[in-house]
Structure formats: structure tokens, C-alpha cells
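Labels run A, B, C and D following the written order; every chain starts at residue 1.
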Amino acid sequence: MRDKAATGQATAGDGDKETGRLEAFSDGVFAIAMTLLVLDFKVPKPAELTAGPGPLGAHGLLGALLSQWPTFLAYLTSFLTILVMWVNHHTLFNLIRRIDHLFLYLNGALLLCITFLPFPTALVAAYLRHPDAPLASAGYCGTCLLIAITFNLLWHHAASGRRLLGPAATQEAIDEIDRRYRFGPPLYLAALLLAFVSHGVSLLACLALAVFFSVTGAAARVRA
Amino acid sequence: MRDKAATGQATAGDGDKETGRLEAFSDGVFAIAMTLLVLDFKVPKPAELTAGPGPLGAHGLLGALLSQWPTFLAYLTSFLTILVMWVNHHTLFNLIRRIDHLFLYLNGALLLCITFLPFPTALVAAYLRHPDAPLASAGYCGTCLLIAITFNLLWHHAASGRRLLGPAATQEAIDEIDRRYRFGPPLYLAALLLAFVSHGVSLLACLALAVFFSVTGAAARVRA
Amino acid sequence: MRDKAATGQATAGDGDKETGRLEAFSDGVFAIAMTLLVLDFKVPKPAELTAGPGPLGAHGLLGALLSQWPTFLAYLTSFLTILVMWVNHHTLFNLIRRIDHLFLYLNGALLLCITFLPFPTALVAAYLRHPDAPLASAGYCGTCLLIAITFNLLWHHAASGRRLLGPAATQEAIDEIDRRYRFGPPLYLAALLLAFVSHGVSLLACLALAVFFSVTGAAARVRA
Amino acid sequence: MRDKAATGQATAGDGDKETGRLEAFSDGVFAIAMTLLVLDFKVPKPAELTAGPGPLGAHGLLGALLSQWPTFLAYLTSFLTILVMWVNHHTLFNLIRRIDHLFLYLNGALLLCITFLPFPTALVAAYLRHPDAPLASAGYCGTCLLIAITFNLLWHHAASGRRLLGPAATQEAIDEIDRRYRFGPPLYLAALLLAFVSHGVSLLACLALAVFFSVTGAAARVRA
């Protein structure tokens, strides 16, 4: 592999094929994890609707649906989080041109955490108004923390000594990603600890972090 | 990115790779959302089949299956709607040759609405013969309305000043899409309001709109 | 579109891109439909295992699993059927080089039937030893019949007057597919009618047809 | 097909297209099977949480989550197993440049076993602390054994007489894969038999085998 890297066009094609399949496989996992989130919404059973006003004062089906707002909020947060992660992944693979065996498994560890996210999402939705809400929120933040850590490992393995990068990866682009990624783990760790103080704020922090990474990503692209 | 756009062949290849991965990822989401719809069908439990005639006068399993016709109708409508949206998406990407950061998130917002569609579909199927049917239908039409709006935002962002279009996009093709897309939001809004008058008609309107967009899309292609 | 077809290389590339995306999207649907079949298997609840011998004389978990053999048989049949359909689809797209709007929707109708298959599969598994088994089997055969019909429509639209075929499609290859596809609808219709005589035999006929199409496909490839 | 194999560039392109689509389809199945594993995690119902300490001495939600550790262990093992299988599949397709009809079906048989894996995974998770645990573990090991066997058949068919290999496949690479694959079936068979002695050890053996194949794969790549 390494030797071929110097031989030009034919190798570039091979490299594209290799990262291409890894990208397609990862895309499938991202897409499915995003789509499975909708399974958390439960259709209220017609026979179980109460005649009286539901939460928020609404009656019947509307009340039953409005009472699912934690599911809706969790759905939005998780969808946005996975979307931001996909955009990050996509951005990395614009710089990465080769893969090695360890990279495949680091990418696999990232996908493991991504596919796990629907579970803490459902947990948060079910326990948002329960005494155990801090634990559920901590589980959610913890999964995001693991995603941030595996992303850093993945990037570090690829970028250290330009191991897997293509010639198009400028030092500026590399430094930019270095800077942004460094923030992920400590910030998600802070959100995790915050869960035991105020679980609502810790979830909003996760949502804010997703927005933050998407905006700084956009800024990085504009400068690049 | 912008500067590279003028340098010809190499950039065109890069552009293809970039939109290629976005298309593959979106395809995955469309495909999964379509396939998840089948999970709404419930196998009737053999022990729960009544000995007497079911709805429509049929006995046993046949009666139990026939009584699932709202699920079947909702399945067909949603499948066709997602299929038309996929064809639209596919048509847009024949014109789009570059992507930017905002485009990724607008596309993500579109996918969010698409992946959400199975939930209102299940809701409509469960409540079609219930007093709360107008609300369920309105939820369905409202999701379609959101899809139409995000599609317009996506297209407007790509086409305004030919920001992300390739050289193959003729002004005629752009105008054609402009004209057709403009109809989407007001018509789905009308269907939404109609739901509170007659929920059955509003669902048929959604079905008719899907057929309308597929036929006008075909006409646009023939002319192009 | 039609005019561009004569202009050579650039168009060939476009065609590849177009059929490429349609293939990828269809592949996603096939893959998901195949994978969802496994959701039919139910893990027996430990608390519900009977102490006495289950069906086939086995005790506990083994008995509970063995009593799921109809699910297992239905799983195998459906998996093989979808696999054969995917191979057919794949073979067609080796000949097809252009797509038009109607083709997209015919392909969509095919995918609709494919994604529906997990439901009659689950139905057959649940009713194989119930008086309503003929109806469940007829539903399964009927879905296969619809798949065979949509495949014929798809192929007829693409091949009639070589509308969407590439130059590599020889007349021999076209005739071969014509011959094989013609058998599908009448044979699945026969299996459907057979369901009301002997539902077990009709399901075995579906399995045999899947094997038949896979073997004749192999033969066609060797000759080609 | 065979004749074209000698004509160079155009054929290489065709071959890429053919294996490309098979890879994409297989990737979809691998990705979905991996992602479906998360559905095994059950959100504990808030109303069912006991006030007293759960297993491991923890109260409430924490106790309920900790008591799901067999699900977590099974999730990790299955995810890693499917990931290793995907990496293996990926490695094979770096050598394979043509496909034939039988290969499509052998690949299909492999995918059948892969998509089935979530079921024994759920079984193991549910029965790990139940008298029937050996049977559940044997089912898990048996599925892994079938995967190892179909992988051997697939590789043997492709490599025997270099039937489907490209010119880039060196004899060293082929021998390396031969050596590694040969270990799979006997080792998984041993794990299967071990299940009736100690089901815990047999599951750890499966996990160890996944790690073993991933490490030896890495070693093979470094040498290649």
C-alpha cells in the first residue's frame, strides 16, 4: 500500500475505491441510525385515550401527542447530532485518501457509538419527567462523549505524520480540524457532569454543542 | 471551494465525488424510510380472530386483514410520496454539481421530515375511523407541507445566482423547477386546512398531489 | 435526454451516473427488506416456557424455538426470493444504460412490492398451522405474482424498441430475458390458485420458482 | 463475460461496475444488520422500576440498566463480529475483479447468515442467566460457524484456479487468506461444542475469535 502511494494516478484510483467503500458503508450506518429514531414515536392506542383534558390542557389525541414532546425533543437532538457527525465524517474523508487496518476498526468503533445513540435517546424521552432523569441524561451525554473521543482517535490516527492524508490536505485545514476536535471531549464531559446538577440544561448543552460544531464547521469550510 | 470551481476537470471530479456521497447518504435515508413503512402492518393474532363475520362481512383472517385497509391506503400514499420526493431529489442532483455547508444542513432538514413521515402515516392508519381523524390527517398533511417547504429552501439555496449548479443546468430547466416547486407549499397548506373539513378528502388530496408532481415531473423531463 | 444519447462519451458517463444512483437506491431497498425479515423471529420469554415437552417432543427453549419452524421456512423462502429478484435486477441493469421518468416509477412499483413482502411472510409464518393458512399462502403468492408482473412491465418498457438499452445488449440476451420473464406471472398465478387446494404445496412452489429462476439465470449468464 | 475478460480496459471498467454494485448491496446488508442490533435494548418502563435495590445493588433505573448487561455484552460481540466480517469481505473484494452467478448466490448465503445473527444475539441476551443458556450460546456459535463456512465457500469459489481474481492478487495474498480462513470453521465448531460445557466461555471464545481474525487480518495487510 505505502509503496504504491508514490506511483500516481493508478494508485489514486485505488485509494478512492478503498475510501469510497468505507464511506458508503459508514453512510449506510449513519442513515439507518437516523431513520430508526422515528421508531421511538408511539401511536397512542385509540382505546386508551382519556376523555378528560390531557397534559397542557388538550383533549384526546392532541393531548396524547403533545405529551410525547420529550420524544420529539430527543428525536430532534439526536437527528441533528448524527447529522453533524455525518457532516464531520464527510469533511474528514475529503482529506483522507488511504485507509489502513486500524483505521477500519477505529471507524467501526465510531459507528458502534453512533448506532447506540437511539437507545439513550429513547431513554431520555421516557425519563425526562422522572426522578431518574439525571441518569438518563448522563447516559445520553456519555454516548456523545464516546462519539467525540472516537472521532478524535480516528482523526489523530489519520493525520499524525499525515499517515492517511492525500496531497490536497493543507496544513491549515489539518490545524483547523485539530483545533475544533480538541473541544469535543472536554465539552461533552462537562455536559455529562452537568446532568447531575440539571439534566434539562445538560441536554440543551448537547443540542448547543451540535449547533456549535455545525456552525464552526461551516466557518472552517468558508475559510478553506 | 469557490476558486477551484473555475479550474475545470479536476474540480468537476471533486464535485462529483462530493455530491455523490451526499446522494448516496440521502438515498439510504429515503430507502429506509420507505421500507420501514411496512412495519405498520400488524399480523393479526390467531387467538384473537373472532368467529363471527368481521368488517365488510368477511370472517376470520380475511376480515381482520380487510379491516387494516386504512393502513394499506396510508402505506400506498406514503410510499408514493417518498418515491416522488426521491425522484425530485434525483432530478435536482442532475443539475447540482457543488455543495456547501448550508446545503448539507438544508438537505438534512429535508431528510428529517422524510424520516418522520412513517409516524404520521401510522397515526392516520390508526385514527382514520376515530373522532380524532382530522387531527391525524392534519399531522400527515403538515409533514408533507414541511417536506415541500424544505425542498423549496434547498432548491432556492442551490439555484439562486446558480450558486451550486453545474454548466449543464439550462435556464429553462431552472425555471421549470421554480414553477413546479412554487405550487407545493400552498397546495399542501390547503390540504392541511381541508383536514378539519373532511379528513378523507384531505388525504386523497395528498395522494393526488403526489401523482400531480410525478406527472408534471415526467412532462418536465420530456421537454428538457 | 434522447438527443444527448447520440453524442457519445459524455452522455455515457451521464447515463452511468443516472442508472448508478437508481441502482444504489434500489439496492438499499432490497437490502433493508431482506434484513427486516429477521425481525419476525421472536425471542421466547423465559417466564413463558412450559415445563413439559414442547412440539416435536423437545423441552423448554429448544421446543419453543423448534415450534418457530414456520417462521424459519418463511424467512428462507422470502430471503431467497428477494435475493433472486435482486440478481434479476442486477442482470437487467447490465443491459440498461438510460432511464426515463416512467421507468423510475415502474421501478418504484417493483420496490413497493418488494418492501411489502415481509408482511405476507410474517402472515404465513403465523398461520401455517391454522385453518386460515390457505388465505395467508395466497397472500404470499399474490405478492410474488405482483413482483413478477412489475418486473415484466419494467423490462418491457426498457426493452421495447431498445428504448433504454445500451449498445452492449445483444438481441440474444434480450430474447433470453423475454423468454424467462414470460414464465413468471402464469406460474405464480398457478401457485396462488394452488393455495386453496394445498397451501403447503403452494409455498413450496414459490420456493421452487425462486430456485428455478436462479438456475435459469445462471444458465443464461453462461451462454451470454 | 469470460471472453471479454481478455480485452483489457473496457472490461476492467465493467468488472468494477459489477463488483461495485455487489459490494454496495452487501454493505447495505452489513450496515443494517449492525444497526438493528440496538433494537435489543429495551427502555425500562418507569412504572415497573422497583423501589428496592436492583441487581448489583443499584436502585431504580440504574439497576434496571445494569441488569441488561448480557444484552450489552451480546451487542458488543455481535457488532464486532459483523464488523470483522465486513472487513474480511472488503479485503476479499480488493482481490476479486469479476463475479459469476454462483458467486452472487454464495454471497447471498453469507448475507443470509449475517442478517440472521441479530436473532441468536437477542436469544443469548435473554437466556444468559437461564438453565437453557447453553442452547442459546450454541445457537450463537452455530450461526458464527455458518458464517465462517459460507466465507470459505465464497473464497474457495473465487480463488480456485484464480477464477474471479484480478491481476493484482498475488499468490502470497491468496495463500495468506487460505491459511487464515482455514481456521474459522474448526474453531467456531469448537466454540459450539464448548457451549454445552460452559456457555460463558463459549461466548468469550466467539469474542476472542473476532479479535483474533481482526488482528491477523491487520498483520496480513501490513505484510502485503
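Everything that follows uses one rule, which is that a residue touches a chain if its C-beta (ideal position, glycine included) is under 8 Å from a C-beta of that chain, and two chains touch if they have at least 3 such contacts.
Being a predicted model, the structure only gives us computed values, none of them experimental.
If you lay the C-alpha trace of chain B over that of chain C, the rotation comes to 90 degrees, to the nearest 5. Comparing the centres of all chains, each the average of its CA atoms, the largest separation from chain A belongs to C. Inter-chain centre distance (chain A to chain B, centres taken as mean C-alpha positions): 25 Å. Chain A and chain C have centres, each the mean of its CA atoms, that are 35 Å apart. Of all residues in chain B, those touching 2 or more other chains are 24, 28, 32, 39, listed in ascending order. Per the touch definition, chain D reaches chain C in the complex via residues 1, 17-18, 21-22, 24-25, 28-29, 32-33, 36, 39, 100-102, 104-105, 108, 111-112, 115-116, 118-119, 122-123, 126-127, 130-132, 135-136, 139.
Across the complex, chain C is touched by residues 16, 23-24, 27-28, 30-32, 34-35, 37-39, 41, 43, 45-46, 49, 60-62, 65, 75-76, 79-80, 83, 86-87, 90, 93-94, 214, 217-218, 221-222, 224 of chain B.
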